[in-house]
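Per-chain residue numbering starts at 1, and chain names A, B, C and D are given in the order in which the chains are listed.
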Amino acid sequence: MTTANTHWVLTLVCKDQPGIVHAISGAIVAANGNITESSQFTSDDTGRFFMRLQIESAVPREHFVNQILPVAERYGMTWELDEVGRRMKTLVLVSKSAHCLNDMLFRQRAGQLPVELPVVFGNHPDLQSLAEFYGVPFEVHPITGEADKLAFENMLRDYIKTAGIELIVLARYMQILSEEFCKEFEGKIINIHHSFLPGFKGANPYAQAHARGVKLIGATAHFVTADLDEGPIIEQNVVRVEHSDSKKRLVSIGQDVESKTLTQAVRWFAERRVLLDGERTIIFS
Amino acid sequence: MTTANTHWVLTLVCKDQPGIVHAISGAIVAANGNITESSQFTSDDTGRFFMRLQIESAVPREHFVNQILPVAERYGMTWELDEVGRRMKTLVLVSKSAHCLNDMLFRQRAGQLPVELPVVFGNHPDLQSLAEFYGVPFEVHPITGEADKLAFENMLRDYIKTAGIELIVLARYMQILSEEFCKEFEGKIINIHHSFLPGFKGANPYAQAHARGVKLIGATAHFVTADLDEGPIIEQNVVRVEHSDSKKRLVSIGQDVESKTLTQAVRWFAERRVLLDGERTIIFS
Amino acid sequence: MTTANTHWVLTLVCKDQPGIVHAISGAIVAANGNITESSQFTSDDTGRFFMRLQIESAVPREHFVNQILPVAERYGMTWELDEVGRRMKTLVLVSKSAHCLNDMLFRQRAGQLPVELPVVFGNHPDLQSLAEFYGVPFEVHPITGEADKLAFENMLRDYIKTAGIELIVLARYMQILSEEFCKEFEGKIINIHHSFLPGFKGANPYAQAHARGVKLIGATAHFVTADLDEGPIIEQNVVRVEHSDSKKRLVSIGQDVESKTLTQAVRWFAERRVLLDGERTIIFS
Amino acid sequence: MTTANTHWVLTLVCKDQPGIVHAISGAIVAANGNITESSQFTSDDTGRFFMRLQIESAVPREHFVNQILPVAERYGMTWELDEVGRRMKTLVLVSKSAHCLNDMLFRQRAGQLPVELPVVFGNHPDLQSLAEFYGVPFEVHPITGEADKLAFENMLRDYIKTAGIELIVLARYMQILSEEFCKEFEGKIINIHHSFLPGFKGANPYAQAHARGVKLIGATAHFVTADLDEGPIIEQNVVRVEHSDSKKRLVSIGQDVESKTLTQAVRWFAERRVLLDGERTIIFS
């Protein structure tokens, strides 16, 4: 190994078939790479093979890619090669609730969340000072009707392209994105649902949880699809509650679970640990 | 205090109003009682007041009751006085799955579950030897049609009355009890639902959980009402699962959660820690 | 009940003896109070009786106190009467780590932590902008020797008295307070220990945890006594770790547990839910 | 692939070096094997590489071994090849407490724990009927002095050899095995420690936990070494307790954690998911 060692993360998906690991590890050997982390999974449901590798190698990216390309072609692989620790360009949409945004901002500054936030968009101005305290520009885009929403989504499309946004996070963003937008960015939008899924849907799940007297409340981070609250689940957490917890206290408890769950999902995504297998996610944590 | 001290548990429910605690504690003082444990709760939803007390006292039961009666009348209380640690007469219904029954039998023998099981009824013979190993008689009551079910329920009614059964536990009993039976014994039948409620309903929740790719699976112990899977929740637990867990493994993981959750609910009920507040339960744990 | 209803929290401790509840509830009835929350505990270890009550009442404080005083005298009670929700004056000491301070500041602003922070003192300037973003003045008090420490503690004593500080929180404050200071404010200083107690003591517990290959790491919030890391425990949490988690990742995971645990302990203290029973704490959560 | 497909589990350990995965996957391809599960880890502490693979292959064992041998030799690997699901021959030692033995017996019968128990040895007769209910012979070996212990250990040595015992489980066995015995079977003996390690050591940790007022109690399954309670940790769990939990209740709560933790450790070992890395364990769960 020579001087300028780079740490790569390689993810790949293809139809399950014998010899994949041998072929891909051959390409890595040929690139003088050393595998430092490896996870794989074969889905019985879809017959697909999933792999995530971390590789230390001193060769330039093109050289590495040249070794992978023929293998990927032979096995019909979808694949991506990235640098470990690169901060993924992430666009965060918010409304008024601060807890999820605060958690993400704090952790990315603390070096625990490999994302770069070029901007935060809010349909209300409430979280402007919080974003700016962490040095992130904040833009208010109020939405009061369908026309606003279409204009906002068109602006978003432009911005995503121009700024090279790789991930969109709905951090308690209380607007519903259009079906077209959700489809266009499928697998790139993560939402935090303030309930354990399957669970209470629609408005005010904490009131429903209280009425039903549940003993645990939870939150679910999931990919957004056109079917509201039904995209592939990335992470879930629950916390115990008691009969004496008021609706207000449930909301407060719930917010902790929400921010923890969303940040975890974003971290996994940014580290390329989340792969899609139909309606399910593979998490190589 | 004299020699033969008894440890009592007193539970009471009434409309919330000033002076309840003072009145009831006055009755206890008059009976030379000492409060060793006390829990109370006022429900904002129903305006009802709930209390559970443990009291050491050397006076005979009648004497104690004589002190409580006028207070209970004045405040319109529903109340019960029992001995701490008395084993509650419990009827367990099972089918083929052993895990819940095994957990209950093991714990009642170990002195951790204050129930007395005069018999176990199964619609299959599979669990006979397990029950008998713990010295509990087992009766097989196969059910192959509506006629069988009605006859079985009539027999149950007789048995419950004759044997003085105070609690009926459905320990993975795969038959649905009739609406009439459920109504007749409302608040006396505990079921274990092999899912986190609200959640996957109907058959095979573990297959549904797998298909949906959930990251946590759970179980819910609840009172049985005429509305299947919808009675007041007593206890819930979840456990983390991964994309690589097969359906078979989910079932195995789920069984642990089921037996733990059911036994906990039965223990609380037998210790008179579960009170009903409309659709919710108050748990004085 | 008249117009200006106040919500009181009453805590009391005395030798266990019959009639306490009746006597205190009598005082509450005489003050036209209505008990909305009540917890009690009798310690087998020390024979002491602990009680915490929340009471709604429209009478002025003096009137209330006049009812309680003779009861308190008769039973030899130590007691305190406060208003529910009053923000407790809290002094936070920090060094360089932001996670605990950030969590406390965020939650007190969100209305989830009833404390008022008149100032934050740090022995380093690193957290100045964070405190000031939340509108809390920050003072740097560097400590490089014993003389600095004594001067600082003397200044603290003055400040605590002048400002009416009720609680001191060591939010990852890396200086050791003197034995005298700890004794003087016993039961008023809460520290977060970055390990599960009993556990790894001394420096760098995460490195020790890694070396030992533990499967769970934790944090402990405890009262500070002259005996370092050995005061009564208020709250503990753990989180699962894996063989593949690096020391750096353990630190990051541990910080979440630390801030969550410390904030919980502070919340309980500020709500007067923490009572001391010798070396143990009673938590009326 | 032909008819008689076998599912193999291959574990291997060697010095970390480039090309390992390519070489071993080449051997698998040459044996017409298909990798269905794969985990690997490189230890920064010891510089060793650990791998566990599950492989479906129709070739006979010798053929498979012939492919692996030259690779293993080239890279200096320690390795084992076993059949997935084969029941590992396990010897259980007990005293009087039933909870751990009951859990293991129940689960191995339920098909959730791939062990075969040819016998259970107890130094007391208390658990004889439990073992025999599950069809496992039970032998009483009372130990009242050093001579007894030596004789018992010599008998054990013979039995382990004759019966082909692969794992020894101390399921709350209250005797201390000799240093020689522990060394001889290092990495083959699993003990359940009734405390969270590092934690309360020596006798009666639950009483210590109570005295110290901890808010969580736990259990640790670990390999037995000559240094009592200090072998590599395999699994740990904790559960929340409260100030009102008596010592008796702590014991009962603790027993649940103990049996769950021990059974989990035994399952991982029997599935060859536990590898040793100095003082730490690698768990490929």
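Note that in this section a residue touches a chain if its C-beta (ideal position, glycine included) is under 8 Å from a C-beta of that chain, and two chains touch if they have at least 3 such contacts.
Chain-to-protein mapping (UniProt): A, B, C, D = Formyltetrahydrofolate deformylase.
Predicted model only: the values in this text are computed from it and were never measured.
Peer 1: Just grab the chain with the largest centre-to-centre distance to chain C, centres being mean Cα coordinates.
Peer 2: D
Peer 1: Quick check: more C-beta contact pairs at A-D or at C-D?
Peer 2: More contacting C-beta pairs are found at C-D.
Peer 1: Round to the nearest whole Å and give the separation of the Cα centres of chain A and chain D.
Peer 2: Roughly 37 Å separates the two chain centres.
Peer 1: Could you give the separation in Å between the centres of chain C and chain D, each centre being the mean of its C-alpha atoms?
Peer 2: 42
Peer 1: So which bits of chain D are touching at least two other chains?
Peer 2: As it turns out, chain D has residues touching two or more other chains at 37, 244.
Peer 1: Across the complex, what residues on chain C touch chain D?
Peer 2: Interface residues on the chain C side: 41, 44-45, 196-200, 211-216, 218, 232-238, 242-244, 246, 277, 279-283.
Peer 1: Which chain A residues qualify as touching chain C in the complex?
Peer 2: Against chain C, the touching part of chain A is residues 37, 98-99, 102, 106, 110, 112, 129, 133, 244, 252, 255-256, 260.
Peer 1: Report the residues of chain B in contact with chain C in the complex, numbered from low to high.
Peer 2: Those in contact with chain C are residues 16, 18-22, 25-26, 28-29, 32-40, 42.
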